[in-house]
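The chains carry the letters A, B, C, D and E, assigned in the order they are written, with residues numbered from 1 in each.
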Amino acid sequence: MSDPVLSVNELTVSFGTRRGRAKVVNNFSYDVGEAETLAIVGESGSGKSVSSLALLQLLPTPPARVEGRALFRGADLISMTKSEIRGVRGNRVAMIFQDPMTSLNPVRTIGFQLMEPLKIHMGMSDTAARARAIELLDTVGIPSPGGRVDDYPHQFSGGMRQRVMIAMGISCSPDLLIADEATTALDVTTQAQILDEIRRLQEEMGLAVIWITHDLGVVAGIADRVVVLYGGSMMEESVIDQIFDERRHPYTRALLESVPVSGGDRPHRLKAIQGLPPDPTRLPPGCPFAPRCRHAVERCSNDAPRLRAPAEGHRVACHLDPADFHD
Amino acid sequence: MTAYVLRRLFQMALALLGVSIIVFSLIHLVPGDPVRVALGTRFDPDVHAALTKRAGLDRPILVQYFSWLGDAVRGDLGVSFRSGQPVADLLFERLPATITLAVAALFVALLVSVPLGILSAVRSGSKLDYGATAASQVAVSVPDFWAGIMYILLFSLSLRWLPPSGYVSFSDDPVEWLKHLTLPALTIGLISGSILFRFIRSAVLEALHQPYTRTARAKGLTERQVIWSHVMPNAWIPIVTVVGLQLGFLLSGVIVVEVIFAWPGLGRLALLSVQDRDFTVLQGAVLLIAFVFLSVNLIVDLLYGYLDPRVRQK
Amino acid sequence: SGDDGIDVSDAPADDTGDDDTSDDATGDDDSGDSRSGGVLLAAQGAEPDRLDPHLTSAFASFQVLENVYDTLVQPGADLSMEGALAESWEVSADNLTWTFTMRDGVTWHNGRAFTAADVEYSYNRILDPEAGAANAWRFGSVESVSAVDDTTLEIKVSRPTPNLLVSIGAFKGMAIVPREIVEDGTIDTQPVGTGPFKFVSSSPDQGIVLERNDDYWRADEGLPYLDGVTFTQIPDQTVKLTNLQTGEVDWVDTVPPQQLAGLEGDDSLVVMRVPGGDYHYFALNQNRPPFDNVLVRQAIATAINRGEIAEAAQFGAATANQAAIPAGTFWTYDYSPFPAADTDAAAALLDEAGVTDLTIEFLVSSEFPETVTQAEVIAAQLDAIGVAVEIRDVDFGTWLDVQGSGEFDAFMLSWIGNIDPDDFYYAQHHSDGGFNFQGYNNPDVDELLDAARVETDESARKALYEEAATAIIDDASYIYLYNPENINAWGANVQGYVVRGDNAVRFEETWLDG
Amino acid sequence: MTETLLDVRDLRVHFPIYSTGIRRKEVARVQAVDGVSLSIGAGETVGLVGESGCGKTTTGLAILRLVEPTDGSVSFDGDEVGNLSKGELRKLRKRAAMIFQDPFASLDPRMSIGDSISEPLLIHKLFPDRNDRIDRTCQLLEKVGLSPNYRDRFPHEFSGGQRQRVGIARALATEPDFVVCDEPIAALDVSIQAQVMNLLEDLQDELGLTYLFIAHDLSAVQHLSDRVAVMYLGRIAEVADRSQFSAGLKHPYAESLLSAVPIPDPHLERTRERILLEGDVASPLDPPPGCRFHTRCPYATERCSNEEPSLRDLGGGHQVACHLYD
Amino acid sequence: MTATSSRDDHYAGEPIAEHRSRLRATVDTILLNRLAVTGLIILLLLVIAAAIGPLVAPYGINEISIPDRLQGPSASHWFGTDDLGRDLFSRVIIGSRVSLMVGFIAVGIALLIGVPIGLASGFYGGAVDSWLMRLMDILFALPAILLAIAVLAVLGPGIGNAMIAIGIVYTPIFARITRGSVLTIKESVFVSAARSLGATDIRILRTHILPNVVAPITVQTSLSLAFAILAEAALSFLGLGVQPPDPAWGRMLAEGRGFFEQAPWMAIFPGLAIVITVMAFNFVGDGLRDALDPQQRSVIESRGQG
């Protein structure tokens, strides 16, 4: 992959808590290329949101500490000054948040919120920004956008609000869009529409996308590559087909097996992953997944596995080989 | 909307009726006889009887109440027993002073509490935050009369910056008006500001932790823009309620300050009328204060609709 | 009424000190020519209620009206009665007809000429209970008032009334008012008098504005000197004084006594204290046991330390006294039967009365804060003889109510502005007296007071009053405490103002320097 | 089918909408549920699916009379729920429980989970002795796979899946016969979804529970349910049993819903056909006349916009409300 | 599932911890909060001072000595003397009795009446709400002092009734604040959840809604406390509260105002007493609020573990 849009290197995020430092993201590294979609999956609390918020310096920095580098077009986002990062935010890197219901300001019109980045980053006049806002609403498929720019968020349905968030994300034609569980709150029909929308924009604008989710079905539909995160550490990374076909890491496997598949008779008892995710203030010395891993051996709980590359474009952090799995 | 306002006005009329009943009950409940007070030491049973009869105070209380109510509905609030002047005249010549003071005090309160509240919330846990919080606690524990005298001794007597008391109407001399207004407004404004401070701080803190604030930051807004165009518009909503209540508190809480600063307002008039058992005036003054208070509440509720589009709809 | 100028009663009268202003602290009236000009800003502690002199009872109203209205006669600097609207008067040989001759050339502020008919109208208004004036008792012996012609007024009395002049002259509630403003109802809002100042306006923000009456009947003397007087109302004592200190006002009606010592060294101000006719006292309810027992009352009168009380409440601006009338007047009677703060003697008296475990509920009012202070001091003093004091501090409206209903053990107050001894004793101690709420009933005293009322010979009259006073004091009908001084303060630029013994506030001979 | 435990007939729930939120004046009515009929046999699991806002939760709440139905009847084990007195209703709630949609909101944040779980015991005076109650709480916690030592912890100390387990334990405390499971897994991530679904299955096997299982995730519903009912805008569009479901749903809305479910397999996901719905989403405030789906239905005819289709049986209990199947 | 399994039947071999009640947990947490403990200690000292005041006070409350009047603080008079030469330290100590009683009881009354009214009004809505809130409007619209006078006029003067009067004056504020919070809380799913379990309205109000509206009530309580202590002074002036020479802080402050220039300590010390009480109460109130919020509680507990 030549010249990635974003290259994250050894990103580590910790929070100072009363119970000690919680390491929430550990040495996380990945690249995203032009027009590529990278999916980050992992269960709740695995550090997906935190790792992306850290990129835009959106974490509250007294409790949070961010280390590592994130080169965006060659410039390190992590070490940028306040005003530099403001120039990037919403402009070249945009973010769509997990919850569209609360991520829009309830007392500002949709138009106001859409126009803000346009005016700040593109220096547009009010009228120009407004025209562009209407255009953007149209792009994301809001019917009769001219009549709705002056509406307030509560007058929009959940699906429409999510589209507004997307419109806001793409308004300044960013190079990179980070979508954090952008569709989790929506029902399947609306979700399907939004996924189509994103794919279309990506084709049209060459946008790089980081898509954060725990829904593997969505991943299957949208991603080019997948990163699996567990307990703040990367477990596996590969192109989409490989993950589903060759799932090397026991965690990835467990994740995929726990999903009920539609169609067919009530076939099997679901394979749930037993146990709980690790406490980020007391991370086990070895592999974070070891306590819950069906295949774990002695070594797993003492020795943190390093990332290996069993195949081109496929990295995995596990001491074991799929051949050793006994199921 | 119109229907809503009408409905509220009707409810307001009911509340005023309730207020009038309570105040009227004072006549029978409070010891002290207006005629006796008016006569002072010149007690003479014949004159007492004559004056009581003339004022209609010898009639049964219900008769008195309904005749008062009948007149009041027609806009006649009666005549002051104490001064022999129409109550409405007395009230309206004093209303501007009270409103001026209440509004100025609110202005001071907002001037202090809004920036401090916001700053404390934005830098919560900082020295500034602790300092402001402690100061607000001290300010509410210091009684208004005490603070008032202190300001007078400091700013008038020692520094000679401001006149110690009195009222000059704005139309007579704007500069003097402001000079006379400053100390009394400061006295209650700071107390009320301390209360507001606490509410503003928590409202801002609340809004700061909402996801839309993060969205605003993610758009590349400066911190200032985030606060003013996203945090505050939300924070105002709860603040407005408290401000409305504070204005009510100011309207009825100015009595002591009006006395200290020889401020010719309704509060002082109400106090005098209690002392002299001048019930028609008391009745009128309390009704007027209640009316302003309830109107402010109504305005606050309407303002809510303006500030919060979720309430505004339809 | 004012904070230390206890409102009770018949406030002042007025003056005519035409012997000029030289005799006082304001001093230096060296140049007669500069005595004019200026508008004096006067601050009062209380708010005038209404401006009808016949109806108001507020001291604050009289402070204003004193300068607007005239009475037929008025007290001079020595408080003896001098002519005002009446130039002269005669009493018939049987002492039952008084004939007054009106002063010539007096006009009302509205331009109409003043006549005896105005006096007739005013006095009849006072006599009519329906009018609500409540001053009719001062005319207890008056049978008729009639204007014989424009300049002659005749008052017929049922019995000799040696204090008639004081009754009509010592108190502005007996002012002469013009019929027209009563009939058109403007008397409360736009008073019209014959006095040195004309009423201009009254409003809550500007106060009460008076302007010079160019046609004042003493205009030939150049009076009044001032162009006008404006009264403002500043209820708080400290603030009122601050206004004087910062020059916002020129004159204040009272000074907090604790400030006196500090102010007397300040030469930007003049503080003037004059012994007045006022007295502070308390009375025990003789309708309630054990206060019906004279021994108990005497015990209490013996136990208290009047000097300490006066010092505590007035910070030295008072003279302890066991009698009512202060030293230095014709009527002064120095009688001090009780040993001061003699707890042993007091305890012995209580023993004799067979009273133990005595608790006295003291009715006081914060409206007159010194009554509260005095009660606290008395409570401490009586503690020494095992008498407990429960202070009941109520607002004055309630105070009057409780006093009227007799539901008290003791009340404490003061009387101000009295001149004639009848004013000191009759209403308070005669069994028919209008103010005898303590229930004093001594037929001997009644007889003496009745006799004194009609005694026209001054020294005989004085003797009668002294005899009555002896009984009143011995019986402890009132337990007298002290005579406070009348205090006013003004800026150094105020000239010619005199603090009067009767507490009347008169600006006719005052002027401002510079 | 076994004996009917629950029978819902023509249930309607309309919510009045008031003006300005401060003073009440009805300006509109949300027809959240508008004529739902459904029966559930003892020991059966019936799935209820449909897009967000179609009235699933409201149906569940109305069955337990947690909202007052506007119209219709609900009979539980032969008793008409609408006629129960307050006291009888409380007894019903011992037998019929609910697991709430949102595990974060349905637990009182200021109550320890032990207290939350023992609350129904207290209410129904089941274990009067405090120690017995604690024992029972521990037992319930174990049953749902949580350590009894978590008793004194508070909801914020738990993950979503754990909270959902607490919710389940609470619902099971009184040993009910019937449980409304309102999207018990929607808020959870995959690995935990599986835990909860397994748990529900185990409990059903063990205790013979009857479930009304509400979800919008069709694959999960299908996994658990004996029969599935598809709702659209306050109405039942289709009812099918497991085998009929597998054979294919008939109602155009059900079809499109199925087609939108993402499949966790990139190959299938890439190749499958999706039926994209066009047109305006109708609002329950102002539902369209005729078939409620006609505004978005690719097969809509004139008749659909005028005439309201009723549920008709396609045989074997497979019911569809669509004019296409006349 | 049977009800017979015993507690030994423990889970995964972990020993079963003792059950800790809600009250216990709350108290434990307050005790871990340093400011709250400071506040508690101060309040405790004040209460002790109030209780044994006459024993520790070096002078009597009405021990007048005119020659010693208006003395500044000194070894013999720690807080100086007032205009009658009375020892201010003794008066402040003994004054705590009335002031604390007025503060706590009056605010307690306001809480006891206002909070249930707010709860009922917010919870039931509709006509109940309309009527209760109109009633509160009436009380609220009356100037506080006049309302207090009216109440005292009915009940008769006296310190006990003054507390009731002040309590009634503050009732509508508590009612409103409570109602506002209840309106949001009652929509919570956990309230429906409780109802689904068969909980009665009373139970829901008591165990679910009330603990969740504590925070705003706490803030208002500490504000009202200060005002109540001061309001007592205003009422005393009308002869309706504590009577002289019994000291109360508010009244002492008021008396001190005439002597501000000669003897500032007359006002400063009672003023300080009020400030300290209110602050101490604030500390405790904030601690209580945190302790009732389990999220905050775990933060505090973890801090306690170091």
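Here, contacts are C-beta pairs under 8 Å (C-beta built on N, C-alpha and C of every residue); 3 or more make two chains touch, one makes a residue touch a chain.
Note that the structure is predicted; figures quoted are calculated from it, not measured.
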item	value
Chain A to chain B, fewest steps along touching chains	1
Pair joined by more contacting C-beta pairs (B-C or C-E)	B-C
Centroid distance [mean C-alpha coordinates] between chain C and chain B, Å	39
Cα-centroid distance, chain C relative to chain E, in whole angstrom	48
Chain A-chain C separation of Cα centroids, rounded to whole Å	90
Centre-of-Cα separation between chain E and chain B, whole angstrom	24
Residues of chain D whose C-beta touches two or more other chains	none
Of all residues in chain E, the ones touching two or more other chains	257, 260-261
Two or more partner chains touched - positions in chain A	none
Complex interface listing, chain E residues touching chain C	62-64, 66, 69-70, 83-84, 157, 236-240, 243-245, 257-262
Touching residues on chain E, where the partner in the complex is chain D	1, 3, 5-7, 9-12, 14-17, 19-20, 22, 25, 126, 188-190, 192-200, 203, 207-208, 211-212, 292-295, 297-298
Residues on chain E engaged by chain B in the complex (per definition of touch)	130, 134-135, 137-138, 140-147, 149-150, 153-154, 173, 176, 180, 219, 222-223, 226-227, 230, 233-234, 250, 253-254, 256-257, 260-261, 267, 271, 274-275, 277-279, 282
List of chain B residues in touch with chain A within their complex	210-212, 214-222, 225, 229-230, 233-234, 237, 307-310, 313
Touch list for chain D against partner chain A, complex	51-52, 159-160, 162, 188-195, 197-198, 201, 216-220, 222-224, 242-243, 246, 256-258, 260-270, 274, 276-277, 280-281
